[in-house]
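Below you'll find a set of structures to go through.
In the two complexes that follow, chain A is the common piece, with chain B as its partner first and chain C second.
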Partner chain A sequence: MDLQRFLSAYKYIKRSSPAKELKQAEEHSFSIPIAKDIEMTKYLLEETFSTANDFVIRNIKLSTHSGILVYLDGLVNTMTISEHIIKPLFAAQDLKLNEKQPLTHIKESFLIASQIQEKDTYADAIEAILQGNTVLFLDKIPQCLIIDTSEFDYRGVQEPATEMVVRGPREGFTESLLTNMTLLRRKINNPKLKSEQFSIGTNTNTKVLLIYLEDLVDPLVLQEARKRLRSIKIDSVLESGYIEELIEDAPTSPFPTIGNTEKPDIAASKILEGKLVILTDGTPIALTLPYTFVETLQVPEDYYSRAYYASFVRIIRCVCLLISLYLPGIYIATSTFHAEMIPTDLLVTMVAAREGIPWPVVVEVFLIWIIYEALREASIRMPKPMGSAVSIVGALVLGQAAIQAGITSPIVVIIVSTTAIAGLVLPSQTDALGLLRLPFVLLGAIFGFYGIMWGSLILLTHMTSLKSFGTPYTEPFAPLDTIRLRDTIVRFPWWFMPNRPGNLKVSRRSTSLNKALEGKEDD
Partner chain B sequence: MENIKRLQISRRQLIILGITSVSTTGHLITVSVLIGRAGRDAWLAWFLTLILAVGVLWVIARLGEIYPGENLISIISRILPRPFGFLLGLAYVVFFFLALAVLLRTVTAFMVIGVLPEVPVWFVIVSFAFLGFYGVRKGVEAFLRVAEILFPLLIFFGIAASLRTMSDKDYHELLPILGAGWEPIFWGSLVALGFLGELIGLTMYYPFLEERTELFRLNLAILLATGVLFIGPITGVIAVFGLEQVLNLTFPTFSQLRSISVIGFVERIDSLAIFLMLVGSYVKIASISYACNLAVATLFPLKANNLYLNITIAVGVSLISMFIFFNYLTLQNFVHNTYFKVGLLFGVVIPCLLLLIWWLKKIYSSRW
Partner chain C sequence: MRFALLSIILVIALTASGCWNQVELEEWALVSAIGLDIIPGEDEDLVEMTVQIIRTRHIGTPEQGGAKGSAFWTVSATGRTTPEAASNLEKQIGRRLFLQSARIIVIGEDLARSGIDVVLDWFFREENVRRKTWLLVARNHTAKETLCAPHELDIIPANAIETMMQNGQHTAGIIDSTLHRYFRARFTTTSHPMLVGVEMTTPTSADSTCPFLTISDIAIFKEDHLIDWLTHEDSRGVLWLFDTSQKGPLLVKCEDMPGYATIEVLRYKRTIDMDISESGEIRSIIYNVKLTSRLIAQTCAIDYSNTENLSKLENYTKDFILKDIEIALKTIQQLNSDVIFLGREIERYYPKIWYQELAANWSEIFPEIPIESRVQIDIQRIGMAFKPTNYHREE
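Let's look at the complex of A and B:
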């Protein structure tokens, strides 16, 4: 292409085109092959990074060619560039390069870097520069060398604050994709551990890794995950939550159909169950899929402690789940409609406690609930040093002042606080439980037990209709899978589970699910 | 038909559907009607019903096996020539519709009489119709999974309630056996067979079975399970209340539950009855609605689980429940005197005739 024509066209496009057209034009111009004329390359890159003050072009002179080294300062290790690129190139300044393949000659004989790639379009070169690589262009050569020199400052591997354990590994994912992948590889030393890279976000070009164990993964789920990741159309991805929302089966449901974790041991265990893990650059939160409801009850420590104790704790979690969802609604329903169910002594105590309270039970519950939610939100958002102050205010307001002032009865405080504590036992469902409690309170207040049970059937139907990448959300309860049932409400000892229960998924997957997924593919 | 056939359910789910369907109508209607007809010997009538039902279920299973992958409506159209087949298919749609309306109104009466005396009837009807509608919208897999999850609880509560009232039971109330002779037993079993005739609805689900199944064994499993499960309530209510009192009770099994207190702490467990009835009714309402939906979709060129069809069925059934069975007495009269005959016709007589016609056609075609 003629240099003058290209440059004038590029300038014209940049001056006159609206943003969308400009973008298309730029994408088009970037996808063209690298020009032989180094001046043209230089001009194009300078225009592209015109306002980037960290953009560096370093001229070099070799015996037969002149060239440029291009990188973004801050994303690269400058010592590596000096020692392993510039120094060898200067040392080879007087040597004659291979006339046919000078870049290959440089790559193989002079540069000292772990990864060097030859590319021939501006798009590849620019993407590489943005990812912290250094790119070498030579005059009269329509290719470039992409040399890995990236180095960023990242938070070290620490114990995640959201998933603490008493027994078990303490390391957590970081914001570095490479570190996270390494953490997983250290857990699963197996060449069958595969990772596929995707670049998502038209503006951010965020690197996303889809990780799985080749032998165990369900090929249909893998195919579906690839398809959904490829179909994402978004300008930016700053956290894995963006991806989660864009690929999950039921984004409008209160229940998550994709799991997330900050811990490599959890991610590794999911991979070993034949599931997929998605790592996103810039966030320590990994996504796991398919995700079923029973995973809500499972925590990694269940597998590190004795089976009997783990089973006991899981039953407690189940009870907490029910308390968190139903307790306020049942209390309201019982005290409003079904007082005959309450033993007389307890009923007398309840009535005496409510004496002088000016509003109905449902208003009382709502009032204390709102105060609790406000305190919870404040304690999450406020600076740490103020935590104790809020705790004191909360305890006084909730515990004493409200009761003494006759705004609420002690039993409602107990109900709301028990509900709140129970809800915190299941972190992955805290959002869903918080949302669903409200309808049950209303149904209990208006229709008593009938309303609560009616709502429960609607909720259960909704849950059974959910699927996560073809896997029913309520599996292994329905459809019933007696083998996988061994690791649900009760965890059987390991000798009862020679294979990880999840490993059986592929072989035991019903033909209907396979067909359903295949049908989806066809669509 | 393509989209209908792609759905698949397991044998276990179909058995649970059958048991839940029979149990719901059983607790609400069959027990009181059977005791009303056969008196103390209701349990004998129930045994006779089971024996007769084995033959009926064999016929139904045979039809399903002769035309694998076909539902009742398409089987009818295969056996009978076009106008007759279409009209009989339409009649089955009306039967499903009627079964749905009767169930909806009965369960509403149970709720209103038993636990929600201040709530308007129309509201309970609409709420149940909505449950069914929602279940159908979410699909057969969804509501059958709900049944699969809750079924163990239903069985557990049922057995626990039965055991809890054991101390109040006096089985001498069942004596003398055959005190009124065989005639009431025969008529009682015929009435109960009429209610079991609703099991014909299962044929609408045969094409969805994911494994190749011997349908008769599957039907027999349903029959045996319900047979065993119902001996308790049929004999239990007479043993607790005595025959004279049971005859005056609208929902005898519910009255039995009301007398239970749990470990001396929870005084009355009406909520348990609400739970048992609500779950059973939900599964049955959703399954008949779905069957009705499929029947219409098979008769006419409509997509299965069509939204407008679902709405029409839910609204239509609600209106019939509200305005035709406008009070419980009307419903009771219809159920005790007419509905079992309809059940016998559609659940017993017609399937037997269909098999007979198929057999005659087969003989005719082989000879000529």
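Let's look at the complex of A and C:
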């Protein structure tokens, strides 16, 4: 297609047509080759970046050609441009360029930059500009040079606020994909550490890396992960949560089937267990898959501190898991249906506390629970200076005034706060359990222990039916794997776990997925 | 399809239970003690049920508005049967009775003498009553009066009595007198129950006017009727005949000198040797009591670090225990009430002879059985001192 005709059509469309046609026209324009006339190029680029105030076109004059340097200010290091591109070009102003391939000549002889590519469509050029490269166009040459000058500001490597450890590495992922990949590479110095790049999001073109260790990864899981990543259709990806929701096995389940972490050492350990890690540009949260339920109980520090203490803390965590799930439900069930189960002395205290409370115990629990959740949310969202105000109000309202006013009994406050603390002991993955407390409270209030038992059965059935990329969610409990049980409720010492890393075995995969995947391979 | 199936199962399963037995805690009246009395009527006798209810509002800390005043409330109601009396009580109280928290059930002496099976049947059937509840007999008083008596230390008198019983089992030689024990005796056809009595004592000193409760003698039952009280002297021996240890201190006369030696039992074992012929003639029953003990105090000036003296003391203790057992056995046999489960022991070793020859007319046989006892005692330790402090002075 002739550029001249295109441009007139383009101008016409831009003035009169709706956005959809314009978009088509733009897409079309990018795939056409670069025009020989530099004015055309200039015009087209100015049109494309018409309202971008950081868009820079710098004219330069060489002996035989005139040219333009195009970049987006802010994404590039201007020092690099002036020192390593403009300065050498000016120095070579009088030299005669190679007649046939002036760009190659410039690239090979003058420019001081590590990465330079020759491209010949506008699409490549524009993408490169958007990624912080500087593009050099020369008059009468239908090609361009893409010079890597990208530099932008990002947060340095810091200790993440979510996954604190006493012993162990402090560093956390950052928003920069390159830094994150570097952090992983520094943990695993192995050429077998592979990373595959995907570009997801029609509007954002976010870079996503799928990282694994070639020797350990289950090829079928890898294949499935690739397939799912490729089939994502979404306009934007601003955080890894978008990807997580789009590729997880059970989107309707309250349980997460994909893990996430902010720490490179955790991500590395998952890779070394034969799992895959997905890094997303622009977020410090990496995804790990497959994800099984026991991982909610595991904390990196378990592996860094001595086995006895680590096991003890794990058991505490298991207890806390049960407390955070069941305690309010069990309290309501015992006090409304099974008062005879409570030791008499305690019962007297409980009844004394209940005297004069205007509503049933369920309502009481919900009331305190909602206040707690509101306080929690407030303390996350509010500006830091207001923290003390909120904590005073929280402590006074919850701890004192509510009880004194007879709105709630102290026991319910104890129950709800114990539950809350137990919930906070668990790694942040377990938001599912916080939600599941609700059905147990309702079941306990309506049906007593009978209801709680039913709820537990349904919950267990659901959990055993879940799979994460072919791995049973309740592995290694069901199906039972006695070797891998050594790293569940207790952590055995390293010398007792000779078979680590326990690769997620292919045989453990659901047969249906196996068949599906193998069938694909045959095709 | 799966969903439908699941919903059906769930609906059936969950509607099979439900909210109708849901009771909020404050709707219960926490019963700490139950008292049962008989009120003689013209046509039929009535049962009077007294409950000691915990006034929970008075238990809490002052911040929660823990009001002043008595922490318990004693209410009575009558009925032809126990459950009827209970439901009359509920009408009076306005809350449902929470029997699980009852620590003691007190039976008035009059009721105990006229038979208690009919009033206790409800407690046996009712799943809301704990079998470990203490079953006591109020001596010389009605149960109602007994439950009204306050306790100085414990704001709930029933708690105090329960504690008294539990501690008494370890120190003061109190027999196991629970509801469970009563039913066990009643369901063993030839055995008879034995319950602990409580008594209201009016103190003689001027500054204290309130009556207080003390543990009284042991009530011996024949079937479900109270027939007699076993005094403390008599009842001491009974405890040796059970396989649970007598834990209280034994006061043994030093004999050679004025004063007492106090001995504490450390280990205790009781076995029974029986010699019963095929025809059911009981030739002899021998209770073997074997105990190890220690000297915990002495008032006589004898040096028990001397083994000779100590073995003398062992002999005196042995005689002392033998005498106790003899008295107890004599009394029990006179009363013809097998509260020591002897029949049950024979049944265990000679079931065939027991059922063929003995069980049917046990009440005739029991008073005539030649029962002997043998005691083997070993005083192992005399404590941290050798000679008593008054030893030299006496010399």
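Annotations for the structure displayed:
One rule holds for everything that comes next: the second predicted complex is superposed on the first by the 496 of 523 C-alpha atoms of A that agree within 3 Å, B and C clash if a C-alpha of one lies under 4 Å from a C-alpha of the other, contacts with A are read in each partner's own complex, and residues count from 1 in each chain.
As a working rule, a residue touches a chain if its C-beta (ideal position, glycine included) is under 8 Å from a C-beta of that chain, and two chains touch if they have at least 3 such contacts.
Since we're looking at a predicted model, the values are computed, not measured.
If you put the two complexes together on chain A, you find that chain B and chain C bump into each other.
In the superposition on chain A, contact is made by A:454 with both chain B and chain C. Touch criterion not met for A:41: it reaches neither chain B nor chain C. In the overlay built on the shared chain, the residue A:403 is in contact with chain C alone; chain B does not reach it. Of the two partner chains, neither chain B nor chain C is touched by A:471.
Judged by the touch definition given at the top, the superposed model places A:176 against neither chain B nor chain C.
Look at A:462: by the touch rule set out above, it reaches chain B but stays clear of chain C. Of the two partner chains placed by superposition, A:261 touches none, neither chain B nor chain C. By the touch criterion stated above, A:150 is placed in contact with neither chain B nor chain C.
Once the two complexes are overlaid on the shared chain, A:324 sits clear of chain B and of chain C alike.
Residues 340, 344, 447-448, 450, 454, 458 of chain A lie at the contact with chain B in one complex and at the contact with chain C in the other.
Contact residues of chain C toward chain A in the complex are 10, 13-14, 17-19, 21-26, 28, 30, 54, 56-57, 59-60, 63-66, 98, 100-101, 103, 128.
Listed in rising order, the residues of chain B touching chain A in the complex are 6-8, 10, 12-13, 111, 115-116, 119, 127, 131, 134-135, 138-139, 141-146, 148-150, 210, 264-271, 274-275, 278-279, 282. Across the interface of their complex, chain B is touched by residues 338, 340-344, 447-450, 453-454, 457-458, 460-462, 464-465, 472, 474, 477-480, 510-512, 515-516, 519 of chain A. Of all residues in chain A, only 335-337, 339-340, 344, 347-357, 360-361, 403-404, 406, 410, 445-448, 450-451, 454, 458 touch chain C in the complex they form.
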